[in-house]
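Take this structure first; my questions come after.
Note that the chains take the letters A, B, C and D in the order they are written out, and that residue 1 is the start of every chain.
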Amino acid sequence: MQLGLVGLGKMGGNMRERLRRAGHTVVGYDRNPDVADVHSLGELVDTLAEPRVVWVMVPAGAPTQATIDELGELLSPGDVVVDGGNSRWTDDIKHAEALAGKNIGFVDCGVSGGVWGRDNGYALMCGGDAADIAKVQPIFDALKPEGPAGFVHAGKVGAGHFAKMVHNGIEYALMQAYAEGWELLEAADVVTDVREVFRSWQEGTVIRSWLLDLAVRAMDDDEHLEGLRGYAEDSGEGRWTVEAAIDHAVPLPAITASLFARFASRQDDSPQMKMVAALRNQFGGHAVTA
Amino acid sequence: MQLGLVGLGKMGGNMRERLRRAGHTVVGYDRNPDVADVHSLGELVDTLAEPRVVWVMVPAGAPTQATIDELGELLSPGDVVVDGGNSRWTDDIKHAEALAGKNIGFVDCGVSGGVWGRDNGYALMCGGDAADIAKVQPIFDALKPEGPAGFVHAGKVGAGHFAKMVHNGIEYALMQAYAEGWELLEAADVVTDVREVFRSWQEGTVIRSWLLDLAVRAMDDDEHLEGLRGYAEDSGEGRWTVEAAIDHAVPLPAITASLFARFASRQDDSPQMKMVAALRNQFGGHAVTA
Amino acid sequence: MQLGLVGLGKMGGNMRERLRRAGHTVVGYDRNPDVADVHSLGELVDTLAEPRVVWVMVPAGAPTQATIDELGELLSPGDVVVDGGNSRWTDDIKHAEALAGKNIGFVDCGVSGGVWGRDNGYALMCGGDAADIAKVQPIFDALKPEGPAGFVHAGKVGAGHFAKMVHNGIEYALMQAYAEGWELLEAADVVTDVREVFRSWQEGTVIRSWLLDLAVRAMDDDEHLEGLRGYAEDSGEGRWTVEAAIDHAVPLPAITASLFARFASRQDDSPQMKMVAALRNQFGGHAVTA
Amino acid sequence: MQLGLVGLGKMGGNMRERLRRAGHTVVGYDRNPDVADVHSLGELVDTLAEPRVVWVMVPAGAPTQATIDELGELLSPGDVVVDGGNSRWTDDIKHAEALAGKNIGFVDCGVSGGVWGRDNGYALMCGGDAADIAKVQPIFDALKPEGPAGFVHAGKVGAGHFAKMVHNGIEYALMQAYAEGWELLEAADVVTDVREVFRSWQEGTVIRSWLLDLAVRAMDDDEHLEGLRGYAEDSGEGRWTVEAAIDHAVPLPAITASLFARFASRQDDSPQMKMVAALRNQFGGHAVTA
């Protein structure tokens, strides 16, 4: 089928490639003319036959908002917009309402898979009306990995990004779990080959996983990760997961600890530990480090 | 080859079965005569030809200590004792020293795999001298899963149980990560089919893993886990992991949070939250619940 | 001076009493006619001479919004509204803007002190323009405790409630700290008189505080707090503190742990620990509790 | 009364001074002859009349062990040894048993107060037999602050150091609580005078405490603590508190978070966050920082 695809960055570009391999016709638009198939959203919409499906794959927030606003002006009743970016699920509801006023459908789709998705497939978590999702299903089928898993219609509008958000919250804690274990193994003298311990865990253990495989790959590149700094960004979903948990009074100790570890990793010095140092000095005369 | 196997419970019994399928001769001893092949450790030792390998698979602590002490009296120089139980790694060093005085070798082996190990293989993490490990290698090869992973000689005596201990610490946090995400999904209204979200994650996502597969299995049995209580034991390795981290001044926020969640799960009421309730009442006149 | 006071519940009623003791004229309105001095906001406004100061002391959210909206209709340029409730600081900015359009001033004021405030004074944290605060200063001076501390002009509009919000976040973690220590002392056999240990800490220690004094009071009423359930509500500020920290990428491990402990205290059973139990059963055949 | 005092460092020296002000006769020994009253433990013992009380105030571990061993050789039946250092409570039991074999009494005494103790008094938490404690009571009375609080006989041998250990665990979390709140206030723009917010909290608030007073003092010296590094040592009691909690299956989320924050504060770079960065790079092609 035909698909309009807005945003041809690292993710969007690979998705176009995967869809074309599957025989779909993808018309891609990007602000960067070197990668775009058309020169404007208007041209993209004009190129597609009705009912159109336009997949938005641009940064969350203002860029997604602007794109969906403009598509709302350009598209026709019966068309469907898919937001495949990392939008906050609460934005989906606003987008769906705005488009519904024009009888344009809306589907939110959380996409996981990173740079591996092009060849292995992308895991897709969708929210929206069944009728809208049905219009996009051939695209979902081409993007997802082979086999029964990798796609879910999780619920109404917002459910896809909500599920992806929680996926990422879990991801934070899984990564933190392996990272903590790795640091402890490296710190102890008794285990002399930490990389081979991780490698051995890839079969037969309770903790085998794709992230574990990636940890082994990383150590094969740089056994003690000496070329890296202990610095980790966060892309929003982890924060939103904790905020959603607070809204529902759900305790998330491990996921939140993982988010906070990232925050701390980005501080050159810890303000709060300055205060702890100051207090120790005040009551105990403990030496402080300037 | 011949192996003496002490302890034929859930783990030991399955391991005997797997080893026999691989063509090894296993002489098993257990206090329960219904499952034992011989009636005493002495008979077990007499049955084996030198140099003997005796694998101890009994509960950690006093039972393992007693078994190794008795084997120290019965075995001959050049024999090897393997402790495949869940001993604390610091015990291994004591056991190895005691046996070394009699020229008996010692290998510690952390075993992962649970009830799935008999058919899929057990992941094995070993510590000890290369010469001792070489004497046991055919047994390790039969127990481990097929493929390159699943076995590691992690370092000197104690390294096997240390690696297994950290494996379990990681396992606690991985389980906690999925569990937290699951509770949040169940708490939110927007996602209407949590089980299918988990099922979809099994392919293409960053968080795919064997534990995720098991979570789906559990929900296939009981979609909302209504038949279970939120109660989880801990078997020692999680505690030891945190203690080892404290010894090395390694922060383990996610793993420790997971351990504490288990502690809390076993309390009918939380004493510390009684104190919080009492303080709120003292300063704010907040209602308390009796 | 004259003050209009809206909301005469546990806090507002005691504040009226303290202000009257200090010689101020307080005209109080409440929906409950048994405690009100006037029968409507209109009557309250009519009773006061210009420039008026009206202190709003009603629940945060819709009740505060409705009260401020109505006051905006009734008051005159040059009057000042004080929100002394537990509003979220972001609401203050909206309230101040709406009133500024009518040349009515706005001051947000976080109030701490609980049931002890009437006699000991209330700690006050204020945000707003200096000119507006000056109009209320005699009231602040009467409400605050004696001595130099107990009142701060913390910054622009919102600063008062932000400071009070962080105060409460800190309060959560302080309470949690004493509660954790208390539970550990009660759990250990070696200390046989936990209450007297707490009592002794009231002088000379690093951890002496008003909350510690309250803990001793609580144990004097009920030595082992057996009459209480380990159940603690949260009133919003703790949640907002964590959300503000997430906005600023500030790690708050102890405060967040304290918030999550309250969430968990209110669950009859822990959904996440059901999942942990289910996973343990799946991989290890561990017994589960139904 | 007469007291032998071993160890005249920052704590011991100040305690000698306070005791002498109270009219007691203190014979002090230290390895540093510049501060010592006598030149050996033997001379110290010979100087005192029976029944002797000797207070040991040297670093925990080997120095304390060596001192108590030597005193066991020198003292007579009916004498009492007080360990006022920061020993682990489990050591007390060994010390008491060793001395009991010679009919020498033993009292463990946790001491809080830091550099402020000389003038304000030291909080004392003691463990041991009532008869032994009675022999030391005049010394305790002189060391403790005025008023009813500041001294407790907490239970049998070990109870004093156990109580002091928990005191320090609580102290860690209290300091962390203020430090987290301070960092958040400093990070937000809305509050423009964080120091004055803290100062205002000293009266009327729920969170007023001695540590809060010290925080204000520290900010009076250096408003934004710019002269300090966010680096905090830990002296053992925090670690032991967490280990004791693990032994009793008591969850200590806030105290443990505070301990881990100190561990992290001492790392130039975080190994675990290197692994997180490596994993993010592996699956997402996220940029890493070298």
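Methods note: a residue touches a chain if its C-beta (ideal position, glycine included) is under 8 Å from a C-beta of that chain, and two chains touch if they have at least 3 such contacts.
Just so you know, these numbers come straight off a predicted model, no measurement behind them.
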* Treat each pair of touching chains as one step and give the shortest count from chain A to chain C. => 1
* To do: Please report how far chain A has to rotate so that its Cα atoms sit on those of chain B, a copy of the same sequence, as a value between 0 and 180° in steps of 5.
  => 180
* With respect to inter-chain C-beta contacts, which pair, A-D or C-D, contains the greater number? -> C-D
* If you take the mean of the Cα atoms for each chain, which one ends up farthest from chain C? -> B
* To do: Averaged over CA atoms, how far is the centre of chain C from the centre of chain D? Could you give it in whole Å?
  => 33
* To do: Could you put a whole-Å number on the gap between the CA centroids of chain B and chain D?
  => 37
* To do: Please report how many Å separate the Cα centroid of chain A from that of chain D, as a whole number.
  => 47
* Sequence positions of chain A contacting 2 or more other chains -> 114, 176, 178, 180, 183, 187, 206, 210-211, 250-253, 257, 260-261, 264, 272, 283
* Where on chain A does chain D make contact in their complex? -> 10, 114-116, 175-176, 178-180, 182-183, 186-187, 210-211, 214-215, 217-219, 222, 225, 227-233, 253, 257, 261-262, 264-265, 267, 269-286, 288-290
* To do: Provide the residue numbers of chain C that touch chain A in the complex, in ascending order.
  => 206, 239, 242-243, 246, 249-253, 256-257, 259-261, 263-264, 266, 272, 283
* So in the complex, which bits of chain D are touching chain C? -> 89, 112-114, 117, 120-125, 127, 144-156, 158-159, 162-163, 166-167, 169-171, 173-174, 176-178, 180-181, 183-185, 187-188, 190-193, 196-197, 199-212, 241, 244-245, 248, 250-255, 257-258, 260-261
